[in-house]
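Next, two complexes with subunit A in common: one pairs it with subunit B, the other with subunit C.
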Partner chain A sequence: MNAAARSLLARALIVLLMAVTLLPFLSMFSAALAPSGTYPNGLEWPSDPQWINFVKAFEVANMGELLKSSALIVLGVVPVSVLIATMAGYGLAKLTSNRYKWLYLVFVAGLTLPFEAVITPLYYEVRALGLLNTRFAIILPLIGLYMPFSVYWMRAHFLNVPNDLTEAAQLDGATRWDEFWKVQVPLARPAIMSLMILLFLWTWNQFLLPVVLVRDPLQRTMAGALGAFQGQWGTDVPLLCAGSLLILAPTIILFLIFQRQFVAALMQGAVKG
Partner chain B sequence: MAGLELRDIRKSYGNVEVIKGVDLAISHGEFVVFVGPSGCGKSTLLRMIAGLEDITAGDIFIGDTLVNDVEARDRGVAMVFQSYALYPHMSVYDNVGFALKLAKTDKEVRDKKIREVARVLQMEELLERKPAQLSGGQRQRVAIGRAIVRDPDVFLFDEPLSNLDAALRVDMRMELSRLHQDLDATMIYVTHDQIEAMTLADKIVVLDGGIVQQVGSPLELYNRPANLFVAGFIGSPKMNFLPVEVAAAANDSVIVAGSALDSTELARPIAGIARADKLTLGLRPQAFVASKAGIRGKVELVERLGHETIVRVRLKDGSDIMAVLQGQSDVMPGDAIGLGFDHKDVHLFGKDGARL
Partner chain C sequence: MQVKTASGSNRNDQGKRLPRKKGSRKSRLVAWVFITPAAVVYAGFVLVPLLMSVYYSLLRWDGIGKARFNGLANYVVVMTDPDLLQIIGNSFLLVFYFTVIPVGLGLAVASAIRSHMGGPFGTATRTILFLPQVIPLVAAGIAWSWMYANSGLVNQFLRAVGLESWARGWLGDFTFALPAMGMIGAWVLLGLCIMLLVTGITKIDPSLYEAARLDGAGAWDEFRYVTLPGLRQEIGVCVTVTIIQALAAFDIVYIATGGGPGINTTVPGLEIYRLAFAHRQVGLASALAIVLMILVLVSIAPVQWFTRERKQ
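Let's look at the complex of A and B:
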C-alpha cells in the first residue's frame, strides 16, 4: 500500500470513529425533536421538529432548581477534594520516607473498589450520620470516593517536580508550608486544573448516588433529574432525550472552553514535559 | 561571614558507608573546591554542609555554631545547584527576591538589593523574564544572584558550570573568581573538572571513595601529590606511572630500574626503602623533552595543538606513556623517539601508593 492510500485509509477510519462517537448524540437530538409521547426510532429527522420539547423538559424536570442544586454539590465537592488531594499528593510524593511508602498503596487499593459495591453500606452510614436526604449525603461520600484517584493524580505530578526545587526553596528559607503554597502549588496548576475538570464532570454526571441517598429530586444533581421523565406507566422518550441534552449542555460548554486542558489532562504522563 | 569546620563526618546509606570520616577546616573567605571522580562523595559532603542530607556521625560547625541539628534554612548557607533550580513560575526578579520575601524584608530594601545584585551580575535587563526565556549562562547568573542576595555566611556550589558549553564555562569561571574577591565570602565548590578546581581554588580537597586523599593548594597538589590517586587525578594528560624496582639505595641517592626504564639514579635521600623494593615512578607528560637519552619507544599517536604536541609513545615492554612536547614538534607516528626528563620531576610512590 502506498503512502497516499495509507493516509486515505487513516482518514476514513478517523471519520468513521467520529461518526460512531457523534451518532448517539445526533440520534438523541432527532428523538428530542419528535412529538412528545411518541416513540421515535432516533434515526430520522422528524417532519415537524418540536423545539418546544426543550422548554417542556426544562420545566417538567424543574431544571432551574436542579441547575442550582448541581452547582451547590459541585461547589461542595470539587474545591475540597482538590485541596485535600493536592496536600496528600505532595505529602506522599515529597514528605514520605521509604518506610511509609506503602501508605500510598492504600490509596491505590481504593482505585480497585467498584463504586456500586459500597453504595449499600454507604446508605446505612449516611443514615447513621443523620445526613440522609441532604446534599451532604452526596457531597461527603463523593469527596471520599474521589480521593484514591485524585491523590494518585496529584502524587504523580509532584513526583515529577525535581527535588532541587524543594531544596532550593528550603535553602531560601522556606518552611514546608511556604514551599507548598509558593512553589509547589503554582507549579501544579496544570495538574490541579485537569483534576478540577475531571471531578466536575464526574460530579455533574453523578446519577446513582443522588438517586439512592436523596429522596427529594430537587436536592440531587442534574443527572438525577432524568428520573422525572420516567412515569409509572411509560417513559416520555422525546422529553427524556431533550432533558438529557440539556443536562449535557454545561459539560459540553465547559469542554469547549477548556479543550486544551482536557487534552492535556488525558495526555498527562504521556510525554515528559 | 564565617569559616567552617567538619569533624569526623560520616554518612551511611544502610550498610554502605559513603563518607568515611572527613576532617576539614575552612577559614573565612577561603575558596575551597571538592574534587574527585563520580561517586566519590563530594556532592554528598556538600549537601551535608547545606543541611539537605542528614549526617550519620560527626560534627559540622559554621562559624562557632554546631549545626548538626539546624535546619537548612537556618544555617545561613546559600547554594547554587547544577540544574540551577530556578522557580519556573517566577520572573527573574521574583526568583532572586524569593528568599528576601520569605524573610519578610521590607519591600523597598528588597527591591534595592535585587537591583544591586542584578547590577553586579550584569543581568538588569533580564529581571522581568521567566527562567524558560533565558539561556543556560543567564540562568546560571540568576542562580548565583539568588545566592548572593541573601548575603549568606557560606556559598555552596554543586557543579554549577557543568551544563554550560566550553566557552561560557571559561567566562563564568572568571566571573566566579571575581565574585569571590568582591564578596570576600567563604565558598565551597564541587566539581569533577580539575581545571575548574585548579583555577578557582585557594584550597583543593581531593576525595575518593568517601575519604579525603589530600588537602592543599592547587600547586601543592600538582607538585607534591600525596598518593597515586591524587597524582593521577590532578594534571592533564594524567601522570605516567612506570613500575620500577630499587636497584640500590644509599643515604643520599637511590637507583631504580624497570622494564621500560634503564637504570636511573635519583639524587635525593628517600627514607624507608631497600634494595629490591617494588615502587611506582611517576612522571608528568609535561616533564619530557625529546632527546637521544632517556626512555625510548615508538610514536603511536600525535595530537598537534599548536602550542604543544601531545605524543603517545609505546615502550619496549608494551606499555604506553603520554608526553607533551613544547611547541610544534615534527614527530610522526612510527618514528623512534627518546624522552628525556629531569630527575627532579620524578615522583616515587611506595607499594601502598603513598608518596615517598
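Let's look at the complex of A and C:
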C-alpha cells in the first residue's frame, strides 16, 4: 500500500511539473488567439479564436526571410566548427605527446568564458574587418567561441578510441589523413551528431551576438529576430505571442522529431561541459 | 659538474633519437595541420578579444576619440561604485534562484520519481521537461513577461484563489522583480537538473537501496546516505551549469525587464552591454567584463574541486 501511494504521489508530482513547464506556452497560445491589440487574460480560450493572428505575425515578422537567415547562419557555423573541432580533437588526443598538454589547456580555458567578456572587443574587431551588420559578424566569432567546448568534446571522444586502430591503419600504409577520414570520422559519428545538435541549438538561440553586431533583424538568428520583434510589437500581446510561437515552432518541431537525440546531446553536453 | 653531465646526457639522448627525428618532426607537422584551423579561429575570436578586453579595461575610452591610459582606475570603480556593486550583487542573488531552487527541488523530485522514468510516460516526461532547454532564453523571457503581466496567468491564478491583494505587475515591482526574474531561470533550468539527477540515480547500484531498506532506513535516510553521496558528480554538474547561467545572464533580463525597475534586475552582462554601447564607457565595460569572467571562475572552481575530490 505504501509503495502504491508513493508511486501515485510520484506520478502526480511529474504531472504537476509537466503542467508548470507547459503553462507558459499554453498561456501564450491562448493569448495569441485573442483579437489583436486587446489585453487578453492569462489563460482563457477566446470566444472567437483569431487564427488570423498567426498569418499576420508571419507576415509582420517576415518569417520566410528569418528562417532563411537563421538557416544560413547555422550552415555557416555548424559544419565548419564541427570539422575543425574534430580535426583538432583528433590531433590533440592522438598526435601530440604530453608536452603539448598546454595547448589543450588553452582551449579548455575558454569553457566557462561568458560571451559578455569578449563582446566589446569583438564589436571593434568585426567592425575593423568590415563585417558589421552582415551574417559573418555572427558566424565567424561563433565558430571561435564554440571551439573550447567542441574541441574538448571531440578530444574526449578520441581519447577513448583504442590505439590499435591507428596501428592497424598504419600497417595498411594509410597516412594520418586517410586514417582520420576513413577510420576515425566514421567511428566518431555519434559524438559528431551530438555536437552538431548542440551547436545548431546554440546558434539558432544565440542572442547577444546578433543584438550587438547586426542591426537588421533579417540578418540575425531566430532569437535575435525575436528580440527585435518584441521591441516592435511588445505592446500588442496577441500579435507578440503569435509571433513568438511561430519563431519557436521550427526548433520545437525538430526537437519533437529527434527527441531522443536532442535529449541525449543536451544531457551529455551538460555533463561534459 | 652536474650541469655538465646533464647537458652531456642530453646530447647523448639527442644522438640516440636522431634516426627517428625525421619521422617525429613530420608527425609534429601533421599534428599542427590538424590543430591549426581550430587554434586560429579560437585565437582570433576568443583569445585576441580577451586580451583586448584586458587592454581596454586599462583605458579611459569612449570608443571613438582618443583613448587615455587610466591604470586600474576602472577596476577601482567596479569595486567601489554602489550601483555596480548592486549589479554584481544581483547576479549572486540570481544564483539562489537559478542554482539552489533547481538543484534542491531537483534532488527532491528526482529521488521521488526515480523509478517512474521508463516507458512512454517517461519519454513524455523527458520531452516536456527538456522543452525549456530547447527554446531560446529570449522566448522564455517573452513567455514569462506575459505570465507576470497584470492580466497574466500568475495574477489570474492569485485572483482565482482569493489572493487578489497579491496580484501585481511582478516585473515592475521593486521588491518582486528580481525574484520573479529568478523564477524564470529556475523554470528554464529545473527540467535539466531533474533529468541529470534522475539519470544519475539510475546509475546508483540498486543493491545499495536494498541494503538500506534491509537496515530499516526510512526515505530520508535512504536519500541522505545512498542517493546524495551517489549523486555527487551530477550535483556538481548541475551547480556548475546553473551558476554560469546565473552569473552570465543576459538574454532573459534584456527581454523581460531591461534591468528595471531602477537597476533592481540589472546584471553584469546587461551592464557591460549598456556601458560599452549606450554610455560609451568602453574601459569601464571591459573592466566589468574581466571581473565577471573572474567571478565565474572563482565561483565554480570550488564546486569542481569539491565534486572531483572524493571521486578518486
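One rule holds for everything that comes next: the second predicted complex is superposed on the first by the 255 of 273 C-alpha atoms of A that agree within 3 Å, B and C clash if a C-alpha of one lies under 4 Å from a C-alpha of the other, contacts with A are read in each partner's own complex, and residues count from 1 in each chain.
Basically, a residue touches a chain if its C-beta (ideal position, glycine included) is under 8 Å from a C-beta of that chain, and two chains touch if they have at least 3 such contacts.
Note that the coordinates shown come from a computational prediction; the quantities given were computed from them, not determined experimentally.
Q: If you stack the two complexes on chain A, which partner ends up touching A:218: first (subunit B), second (subunit C), both, or neither?
A: After superposing on A, A:218 lies clear of both subunit B and subunit C.
Q: Which partner does A:8 reach: the first (subunit B), the second (subunit C), both, or neither?
A: neither
Q: According to the stated criteria, A:249 is in contact with first (subunit B), second (subunit C), both, or neither; which is it?
A: neither
Q: Identify which of subunit B and subunit C touches the larger number of residues of subunit A.
A: Of subunit B and subunit C, C contacts more residues of subunit A.
Q: Could you look at A:167 and tell me whether it touches subunit B, subunit C, both or neither (first, second, both, neither)?
A: Touch partner of A:167: subunit B, not subunit C.
Q: Once chain A of both complexes is superposed, is A:43 in touch with subunit B (first), subunit C (second), both, or neither?
A: Touch status of A:43: second partner only.
Q: Go through the superposed model and pick first if A:187 touches only subunit B, second if only subunit C, both, or neither.
A: first
Q: Answer with first, second, both or neither: which of subunit B and subunit C does A:55 touch in the superposed model?
A: In the superposition, A:55 touches no partner, neither subunit B nor subunit C.
Q: Going by the contact rule set out at the top, does A:178 touch subunit B (first), subunit C (second), both, or neither?
A: After superposition on chain A, A:178 lies in contact with subunit B alone.
Q: Considering only the touch criterion stated at the top, classify A:241 as touching first (subunit B), second (subunit C), both, or neither.
A: second
Q: Show which residues of subunit B lie in contact with subunit A when the two form their complex.
A: Where subunit B meets subunit A, its residues are 50-52, 71-73, 77-79, 81-83, 85-89, 98-99, 102-103, 146, 150.
Q: Subunit B touches which residues of subunit A in the complex?
A: By the definition above, subunit A touches subunit B via 162, 164-165, 167-175, 178, 182-183, 186-187, 189.
Q: Residue numbers of subunit A touching subunit C in their complex, please.
A: The contact residues of subunit A facing subunit C are 6-7, 9-11, 13-14, 17-18, 20-25, 27-28, 31, 39-44, 84-85, 87-88, 90-92, 95-96, 100, 103, 106-107, 110, 112-125, 140-141, 143-145, 147-148, 150-151, 176-177, 180, 201, 204-205, 207-208, 211-212, 222-223, 226-227, 230, 237, 240-241, 244, 247-248, 251-252, 255-256, 259, 262-263, 266-267, 270-271, 273.
Q: Tell me, which parts of subunit C touch subunit A in their complex?
A: 27, 30-35, 37-39, 41-50, 52-53, 56, 63, 109, 112-113, 115-116, 121, 123-140, 142-144, 146-147, 149-157, 187, 190-192, 194-196, 199, 234, 237-238, 241, 244, 247-248, 250-251, 254-255, 268-269, 272-273, 276-277, 282, 285-286, 289-290, 292-293, 296-297, 300
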